[in-house]
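Order as written gives the chain letters A, B, C and D; numbering starts at 1 within each chain.
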Amino acid sequence: MYIYRSTIATLTMIMLPVLGGMWTLQAGILNISQEGAMLMAAFFAVLGSYIFSSFWMGLLFAILASLMINIIYAFFCINLRANIWVIGMALNILASSLTILLLKSVFGVKGSFTSSKIQQIPSLHLGNLGPLNAFLNDFSLVVWITIGLVLFFKYVDTHTTFGLHLKAAGKNWQALDTAGISSTLIRYESILINAVLVGIAGAYLSIGYLKLFNKDMSAGRGWIAVAAVIFGDGNFTWTLIATIAFGFMDALGISLQSYGLNSNLTLMFPYLAITAALIYQGVRSYRLKEKG
Amino acid sequence: MKNAVEFENVTKKFGSVTAVNAVNLSIEDGEIHSIIGENGAGKTTLMRLLYGMYKIDSGSVKVFGKKVRFSSPKDAIANGIGMVHQNFMLIDSFTVYENVVLGFEPKRNLSFDRKSARRIVKELALRYGMNVNVDEKVERLSVGLQQKVEILKLLYRKANILIFDEPTAVLTPQESQLLFDILKKFKESGKTVIFISHKLREVKEISNRITVMRNGKNLGTFKNEEISEERLAEMVAGRKIPKLSLPSVDFSKVALKVENVSLVENGVEIVKNVSFDVREGEVLGVAGVVGNGQSELEEMVSGMKKPTSGKIVFYDEDVTNLSVRARRERGMVYIPQDRIKTGLAPLASIKENMLMGHQNKKQFLGKLAFLKRGNIRSFSISLIEDYEVVCKSPEEQAGTLSGGNMQRVVIAREFSHRARFLLVSQPTRGVDIGGIEFIHKKILKMREEKIAILLFSSDLDEILTLSDRIAVMYEGRINYLCTREKSDLTKIGLAMLGMKR
Amino acid sequence: MKKVVALFFVTFLFTLGMYSTAFSAPHMKVALVIAGELGDKSFYDSSYQGLVRAEKDLGIYAKVLPCKTDPANYMPQMIAASMNFNMVIVVGYELIDTLKQVAPQFPKVDYVYIDDVVKAGQVTSIIFKQNESSFMAGALAAMLTERKDFPMVNGEKVIGFVGGEDYSVIRDFLIGYEQGAHYVDPEVKILTGYVGGWDDPATAKEIALDQFHHGADIIFQVAGGSGLGVIDAAKQAHFWAIGVDSPQGYLAPNNILTSVVKNVGNAVYDMIKDKLNGTYKRGTIYTYGISNNGVGLSYSKVMLKNVPADVIRKLIQIRTDIITGKIKVKSYFDRK
Amino acid sequence: MMERYKGLLIITVSFFLAIFIGGLLMLLYKVSPIDGYKEMVMGAIGNKFVLYSTLDRMIPILLTGLSIAISFHAGIWNIGAQGQLYLAAFVVAAMGVTFHGIPSMMYIVIGVSVGLVVGGIWAWIPGYLKVKYNVNEVVLTIMMNSIAVYFTLYMVNGPFRTTQGSLGATNIIDKGMWFKHLNPLSNLNTGVYVAIVATAVIVYLMVFSKYGYEWKMSRLNQRFAVYGGVDVKRNLMMAMVVSGMLAGLAGTLLVMGDYHRFLNGISPGYSWTGMILAMMVNYDPIGVIITSFIYAVMASGGLQMELMLNIPQELVQIIFVLSVMFVTAGYSVSNKMANRIQEEG
């Protein structure tokens, strides 16, 4: 049963940047800088929480840090029309180097930092729920926020004018511009939303799930999110399926290690799963087309 | 009479190009005012300035006597101005009503009120007699219907000044006629219509007043009754345009034979059992409303698509399943309908664009697949000169050229092959009058050289000018096939709408 | 692009004229070349502490040259160290090939290689028998996990092991740990898991929690930065973690049972001191095992307070048996 | 022509702007920027040893950069250079420890060919799936990276683990397969000639041959290429396979030349660096040669700066990142100026 909780934890770390990436992709920007933004957010969450002994401040700091990376990304990619991959990857390296330098100059340590002054984002205990205890209790606040955000995303996407504008900006920005709505503004708004989500994800990593900062601790989660977003290509369901499959396979791989499977093989699981899904998706739509 | 719009000394530059040069122009309230001029004359730019898409460099604009300064279309819309663009500003994957309300959606609390949006759009369509299914996705609509969606957008936003940028370029004569009726209805209901076109006949037909533009300047505004079509043509082109004539040739030898060709895509039969032949020295013109299978037929002849069934025979050789390259090697030359999507790589240089299709020739391909750069350069320079392409150098990006010049690049490249068969589609779409004349002459010169020519065009005038025989496609079938002498405009128009011959 | 190149070379020529060697200090200069980088809270940090202590106590000039696990850095860092320092201490098995290649070219430089044996003239090698200390950790864990009177254990005979990546050195820790546990009680089950990276505490925490839910109440982590995730999990879920390389008790005083210590710092300090005293011998192979306190366990106060006396007695017995050779501890490298 | 010149100027200025900001950052560490950059350059090309190691560092980045340049140039996104490199390196090493007694020249030829083939095959798979089934090659290659890396790690720590120490590596490969080091104090080896030949081939393919032309046209407008008689599918496959072969070659040279065995972490993200560099110069192979050299100088010089001036290597990374961002931005700004698609009207 533990695999369920473990999946939820893994999922939360990926789901937020996936959601954020979906917002920006709707508006026509693939966000490559998720990894860097997440890492910066993780660092600043620790910083904020440490200074003020308040996880709220940690969250705030995290969001601001993520915002910084996202705004640079948006400026280069939207206004200067620079290559998104270059800027995204450059920002990821920047975040990695900068957090290492800051770790040393702010906390005077190398590699990692932890302190009892850091306040963690609390878990929610909903009281005794009987058989549902294992399913619902003691999940981090962020887990609930994430679930709320997924539903909120679905709502905004289909039922609000903002969702409509977002898709319009992605599909045909000129049509939106001539309707008197600035597509640039909409894109920036999507980037801001993404920044908040990735900020929360970073904070969850360092002061939610854990209570420490370690260099490069985002460990490729931002990339996985990017891959899921590309995979889903704006389709809410497919993206969600990819993310959940990844989270589950990751947790499954970890769990199977306890049964003695070689780690280098179990670590492959999530990647094999996505590869299989990709090929299935491709071959299926090819067959459908062939049939006519 | 009150003026709806007044331009005073308006100037707009793009880099070193002056697109609009000190234009003064007033448009009266409640009139249909046409602006006519060649491509690149500055008509569209002037309208985009009015619509707030570009910022004015100098000069001023008054709307209903009030001086305005728009920084975005939003301001223009707020002042009752609406514009139907040449390239439709529609989102293909959205439904009709979503497209219509975009930017001005009815809301209930914080949500998008889809129900009332649907209702309002439906009512609007009904009131103006536009038969559109508001729940249909725009990508599934014909071009004519898409234009109606654009018009619905303006009505929805309650625009009083309606700008139409080359609205008839994509329509059949009958559809154009319907559009004119709508425009006249607008005028009667007190709206001001600005109509941009380069087709003299249309302008003469519907306008109250006509303004001629050339090279970014206003050459004068005339009342419709006071100016003749010939005089207008001269002003637009800046010189007299001679008429073309078709010398008669002997059409005995068949070059291309299309036999019972069909195409099924996504379960839909797009081309149905089409057969025809094209003979040496003959121009076969294919007309039809966009989306009736002409594009697919065109692509099957060129080799970009393979037919589901049927045969294409070229000089007694079955070429149905040959690759594009093999067909090119046999002398089949192709000018595609969409130069930006198919005929060119806009981001590549003119030189690179001119090489395409020639790259396997000995003249350009050395040992070990080395390209002979010197030859390529001199080749492209000579083509630029022969076809009078206006550009700075062969290294310039093709996409920076005007539409007419881009088309010259395509034609120069294709005509420089040793052709035995010419497939031409929409050769003069978006090309200025001087360019049209040039291109028509080149095509007829090929005809004189006894090359078989298959011409697709949605411009009936063009078909009638160039073709020896005329075919009309409707719903994937050839609905009409007749020599030019025996055909007339009404019959062709009816065939395009699916009536029996 | 041409312009960039041109400007680049102008800058180059300019600086070429102004360059001169910067080093001129007379006293002993020691370089510590590490394969990874500082901040791992264990292996490298431990060697660095020895160097810092030597710098303070012995007045030498010291410098760390980290390679950041980029193989392209190994050679240049090794050469820079060899060219500018008298003594080069090399930490990290990754550097073995480079050391073998470079050392013969600098006969005047003394090399100390830590963690493996290099048979090149002037290289002094130091091996640590981490399997011995891991054996003791395993034995301790096995003894405690089935106790009813020890806090935070569940009585199940299950303990855990979390490694950074699955490869030989880490397996050497594991093999000792397993042998130690089975020495005490062959029925003890050892759950093993690997993070797949040294900087991913989140995954490490997941693995640790997973093992905890499979009944493991004492988990040994050999995972660098990732290991912090195991310790974090221990704090949250209330179980014991075993630290590695350096005494890690300070990271979680109430949840670190013990640390499997590799006194790399001491070894570094000793070598420098020997050199200054003139007792340094080139080419020697030193083995730091349990017997000479090169490796061992560092016990946390909380653990000592709670641990039953018989366990301590048994542990001391095991230690003696290892030293006397009564217990033969297996090594992952034995198979050659 | 003026426009072109202006573009170059903008790019150069952006590069030096990044260098200038980097100098300001050095001031934060109380180091004069002039000293800092002097150390950087001297530490990278100041003497034979550092120059050798700079060149040695440059090779895998150059090759992966070219690998990515060639596929992107053709419009197929091979993000899988990392996996292709790992797999080829491992297979070559596995062969090198398994077979002995093959004559050296032959063994080297076989080794390089095997590396090329393995890299090529690992790229062929996603290429085929893309061309045939339109599977997204970006996600696919990213996933295949991880699969290849974990697979090689499994092999190298399992069945092919070294018997000669605690290294996470295979054994030393057969001597007959070695590219010899040019100097005992350097990992630069005779494999460099193979790299030079490969680079020349790529420059020829991309810049001078009709394939380069057809690739570029396929990327800029695939329909146009089809229309012009280019066999786009075959071309994409070819670009993908050549791209994989280059990445494979990078791994092969690391094994047969630099380390003479397969190591854990044999490529610490070379392919990512190569990718950044290739995209930064818009897939221009000459540009990749220049930028990979500049990158190698920065990385090598960064070590020297840390040693001499206590400037952390991360700062050098940040300077690198700034240059990448500024140059990319400069590139797109100058491109916008030179190639502004004219407004019709």
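To be clear about the criterion, a contact is a pair of C-beta atoms (placed from the backbone, for glycine too) under 8 Å apart; a residue touches a chain by one contact, two chains touch by 3 or more.
Values in this document were obtained by computation on a predicted structure and should not be read as measured data.
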item: Distance-maximising chain from chain D - centres being C-alpha averages; value: B
item: Centroid spacing, where centroids are CA-atom means, of chain B and chain C in whole angstrom; value: 73
item: Euclidean distance of C-alpha centroids - chain B vs chain D, Å; value: 46
item: CA centroid of chain A to CA centroid of chain C, Å; value: 34
item: Set of chain D residues in contact with two or more other chains; value: 150, 153-154, 157
item: Shared-contact residues (touching 2 or more other chains) in chain C; value: 165-166, 196
item: For chain A, residues contacting two or more additional chains; value: 262, 264, 267
item: Pairwise chain contacts under the document criterion; value: A-B, A-C, A-D, B-D, C-D
item: Residues on chain C engaged by chain A in the complex (per definition of touch); value: 37-41, 45, 163, 165-166, 191-194, 196-197, 199-203, 205-207, 209-211, 213-214, 225-226, 228-229, 232, 235, 251
item: Chain D-facing residues of chain A, complex; value: 76, 80-83, 85-87, 89-91, 93-94, 96-98, 100-101, 104, 223, 227, 230-231, 233, 262, 264-265, 267-268, 271-272, 274-275, 278-279, 281-283, 285-286
item: Contact set on chain B toward chain A in their complex; value: 51, 53, 72-78, 83, 85, 89-94, 98-99, 102-105, 107, 110-112, 153, 264-267
item: Chain B-facing residues of chain D, complex; value: 1, 4, 204, 208-211, 213-214, 216-217, 220-221, 223-231, 338-345
item: Chain D - residues contacting chain A, complex; value: 129, 132-136, 138-140, 142-144, 146-147, 150-151, 153-154, 157-158, 272, 275-276, 279-280, 312, 314-315, 317-318, 320-321, 324-325, 328-329, 331-333, 336
